[in-house]
Amino acid sequence: MAVDEGSRNYEHPAYDYMERMPGLSLAMTTVDKVLEWSATNSLWIFPMATSCCAIEFISSAAARVDIDQIGSVVRPTPRHCDVMIVAGTITVKMAPRVKKLWEQMPEPKWCIAMGSCAISGDFYRDIYSVVPGIDTVVPVDVYIPGCPPNADQVLHGLERLQAMIRSDRAGGGMPREERPETAKMINPENRRVGDPERDPSLTDAQHDASRNLGVGANSDRTRDARPIGDIAEDEAADVRGSVDDLEEGA
Amino acid sequence: MDIEDYDPDADLMALNMGPQHPSTHGVFRIKLILDGERIVKAVPYPGYLHRGVEKLCEKLTYVQITPIFDKHDYVAPMTNEQAINMAFEKLLGLEVPQRAKVLRTILAELQRIASHLLWLGTFTLDIGGTIGGGASLMMYTFRERELILDLFEALTGCRFHYNTHCPGGNRHDVPEGWETVVRHVMDTIEPRIDEYEAICDSEIFLMRTEGVGLISPDLALETGQSGPVLRASGIDHDLRRDAPYHAYDQVQVRVHVETAGDCLARYKVRVAEMRESIRLVRELLGLLEPGPIVGSKPIKSLVQFKASGGQVYVGIETPRGELGTYLVGGGDQRGAAPYRCKIRPPSLHAMSVLPYVLPGHQVSDVVTILGSLDPIMGEVDR
Amino acid sequence: MSAWEALRERFDLPEEPSAEEPPVIDVSRHVEMAAALKEFGFTMYVTVCATHFPEEAPKAKKGEDPPPPIPEHWEVATVLRRPGARSETFAWRVSVERPVVPTLFPLFAGADWQEREQYDLVGVIFEGHPDLRRLMMPEDWDGHPLRKDYAIDTRVHPWR
Amino acid sequence: MLDNPIVWAFAIGGPLITFLMGGGAVATWWERRFAGKMQTRFGPNRVGPQGILQPVADAFKMMQKEDIVPRAADRTLFNLAPIFPPFLVIASAAVIPFAATVDATGKYDPTGAVAELDIGILWVLSMAGLMVFPIWVAGWSANNKYTLLSGMRMVAQGISYEIPMVLCALIPVIYAGSLSLSDIVAYQHEHGWIALSLSPSMFVGAAAMLLFFLTSLAEANRIPFDIPEAESELIAGVMVEYTGIKFGIFMLAEYLHTIVAAALTSALFLGGPSPLFGPAGPIAGLIWMLGKTLVLFVLIYWLRWSLYRFRSDQLMDLCWKVLVPMSLLLVMLAALMVAGGFA
């Protein structure tokens, strides 16, 4: 698995108290059963819905299937959710956001890759801007195949996840599927601008190219009627620190 | 307008909406500069779903490209397939038989109903909230949309991403009894549209949409709007009537035009288009006569079609507006694949009007205006 | 009188419009062409398509010297539409050896994002565009993906 | 022994709190089933009969979740804010009489309130007014722009809508001549319900009840007035950054607030435990009170799942241009009614 999952062995501090409290440890089995029952029957969903699969995902919440049957509610903020459903293609531009939103979700949390784009990138997998499988970014527990999967398959995927959680709670560990080729797909050819490992000649060449072609020289405005400001003002807002570069809750 | 010039003492706040936000219709980021709740400036940042479709088209042959076009406007895949296949047919000089033409037109109109149904649901979801009246209407519209998806499933075997069009015709002929079911579905949906209108005819809905997001006719034309957005601004332009393709020259398309240019006008135009599409489907079913659905050259291999180095542009009227394809043929060396394939997405132009429209509105209006433009981010970013 | 007839003399267009070959005009008359068409009713901006043609050596015929190689060049095709009844499109091309083309933004606000996108993906500079930033790719991306010398799987960014 | 106010408070308050908490929990399940039926869906149906154990599962799940405090948040205030909303809501329910006794002389005596304050209405309204603070604190302390906007909206809305709410609550006070909720209920038992009596004062009473109901919807952040939690633009309002059980407490407080708003409206305008027909004993009073509360409660959720939401400026317009003048007018009319001897 390409993603480091060392931090995934989350245990709520309450367990610790319960084990140390005299008498209560005897009831651990029962309490644990209740907790497991509640955790599996109230999987709230954070929809990382980007493209086609998002429409089928909405269908799964609508009349025919209705994932609300098993207690799954769609909440728009990651802080309230247990399951992130990645529905759709994730691009290189979007992947850091996915990672950040995943980190904003409270433990215990699970991830479902819905549709072939999220699973492997589908036929966009070799394209310069597409992440070949969301499991290179976040650890995925359940894969729902299809392009897009039918709405009832989402319900089935959630039920598979429930079974996995039960198995995990029973000490069987989290059985998960793996894609062996994932690991070697994450090294890009070139480093990001500003990365110390980046070849400086690349940066210079880019600067030269833009200077010779006169990108910067073109920034004076030609239309007065334009209601929006130009790029310089935009940058100024950034410099003043008034912009949260990434959403906190969105 | 410079921020500093606007009001030196104002405490402006930059609010970042998206790329993952419940109401941006996909992954769209827009930075709002706010004065209280009033928007001073809006800077959109698309591109979070850029999947390199145009580069991919250069690597594939003409036959292979159709399923990719299914995915770029994932709410109306049928019309996307038509757009690219019409461009292929023009470039390759293929003729489409009459039955395939009528069938394609029926599919396009059914897709238009399904797409507008989904739009209506998500639009009211933006106004009414996911826990509120909007969600109720969305569930109703999805119920009706499923009926149309069932029709497509009976025809092609897929709920969407059909891959049923091919250069020179269609792959799947209608199954037995399909026309009857279509008529039945149309009879079911038509009275329900009245119900939606009754739900939306509430004081709060009017307050939220009337006069919000005004797009003047000049601005609409200049920013390249098309489809319902253009017609809501008072421009009487519909490619189905003005530059007929497929079987649209065999029926009379009535175009609904609103002059107000606000969100309410866009809502009215789309609802009227749903009714018109139902009428067209009924009329077109009568024109569906027996005959071949594939042209003279049925597809036998992936590299069967070779094009010269010509360049063509074909635009058709999808539910969102003019979806065009500018194709540069492969020429002698790469005859079986296009050399360059540029898509003209209507949603991109619809979204590019946001910086002009949003300033002066409230934060709540952002979702209303965004929803009324009916953007599909897969189409904006490709 | 059709637009073609009206503009034929002024821009040295061929006798008849060709279905597959939009006319090529000189880059210096690009904006003039757009303005003339706009006056003629082509008020709707449809699309701009920039194509990269890398340097290419044509195949030599038997027994002859190979013809001189075609140098690297860019073609920028612009399509405008006249809205309303009997709507029609008008397309023309300009061919340039350096990827610099004057912008149509002062005439058509709709050119804004389309030109930014072509700059982003093909690397054609639209001279005079007030806000020529990347539209699709991240701001710090290297290269222009739709150029022919850009391999399809060149991922510049590490994505995690 | 029940004469001792402390014993009384425990004897009544314990069941009341249990009832409210349980009612709030059941309300979440009921709402999801109700919404499901409205939307041609199923709603939760897997845990327990008809999925009635769903709130239990949700609560236990929230308790298991990791507790996240954002790094940039004001830690103390962020953790303190969720405590107060349910506390304030339950405190305001303390003065509502839930039943009534009839003694041998036929004297009707509303009872069942935890504390029968002489200034009952004042207490309720001040508790409702205090509700603004924890929500504003929550919005501010999370250091997130969405919660900040939501908190600001909440403050603006809460303060504005308090005015017509107080004015409408004055009308029963004017009629009954007392600030005590028990006296108001007793007055209604004697003269007919304020919103439904057969006297000229009824029209004023019914209009006042409508306005009071609307404003209490706004105070409880229900659609169409739920702009502080407008999840289509502000994601989840002040609750964006709260995880686990803290978020659960906020949710519970919202449902409690709805129940209490319904109970208060029925006590002020619909006679509370006073029966429309039949016997007037304590049990009958309790049943009547619960029945009226339930009807209003269902109405609130019916509205919630069928209406759209206002914009924030339209909400303010509605308050200051319509509701405040109308409620002022109603107060004057009520005073004239009393002075003219119609009430």
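In this document, chain identifiers A, B, C and D correspond to the written order of the chains, with residue numbering beginning at 1 in each.
The working rule: contacts are C-beta pairs under 8 Å (C-beta built on N, C-alpha and C of every residue); 3 or more make two chains touch, one makes a residue touch a chain.
Only a predicted model underlies this, so the values are computations on that prediction, with no experimental measurement involved.
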- Query: Hey, how far apart are subunit C and subunit D in touch steps, shortest way?
  - Reply: 2
- Look at all chain centres (mean of CA atoms) and spot the one farthest from the centre of subunit D. C
- Cα centre of subunit A to Cα centre of subunit C, whole Å, reads 38
- Note on the structure: Note: subunit D sits from subunit A at a C-alpha centroid distance in Å of 38
- Distance in whole angstrom between the CA centres of subunit B and subunit C is 25
- Whole-Å separation of chain centres (CA-atom averages), subunit B against subunit D: 45
- Can you list the subunit D residues in contact with two or more other chains? 39-41, 145-146, 231, 235
- On subunit A, where are the residues touching two or more other chains? 62-63, 76, 93, 127-129, 244, 250
- Which residue numbers or ranges of subunit B touch two or more of the other chains? 13, 16, 21-22, 47, 50, 52, 55-56, 130, 139, 143, 356
- Note on the structure: Inter-chain touches occur between A-B, A-C, A-D, B-C, B-D
- Show which residues of subunit B lie in contact with subunit C when the two form their complex. 46-47, 50, 52, 54-56, 59, 90-91, 219, 221-226, 230, 235-237, 239, 241-243, 308, 310-313, 315, 322, 324, 326, 328-329, 339-340, 342, 344, 348-349, 351-352, 356, 381-382
- Task: Could you please specify the touching residues of subunit A with respect to subunit B in the complex?
- Result: 48-52, 54-56, 58-59, 62-64, 74, 76, 88-89, 91, 93-94, 97, 101, 123-124, 127-130, 147-148, 150, 227-229, 233-234, 236-237, 242-247, 250
- subunit D - residues contacting subunit B, complex: 35, 38-41, 145-146, 149, 153, 223-224, 226-227, 230-235, 304-314
- Touch list for subunit A against partner subunit D, complex: 10, 12, 14, 34-35, 37-39, 41-42, 62-63, 66, 68-71, 73, 75-77, 79-80, 82, 104, 106-108, 244, 248-250
- Note on the structure: Given the complex, residues on subunit A that touch subunit C span 92-93, 95-96, 99, 126-129, 131, 136-137, 186-194, 202, 206, 213-215, 218-223, 226, 230-231
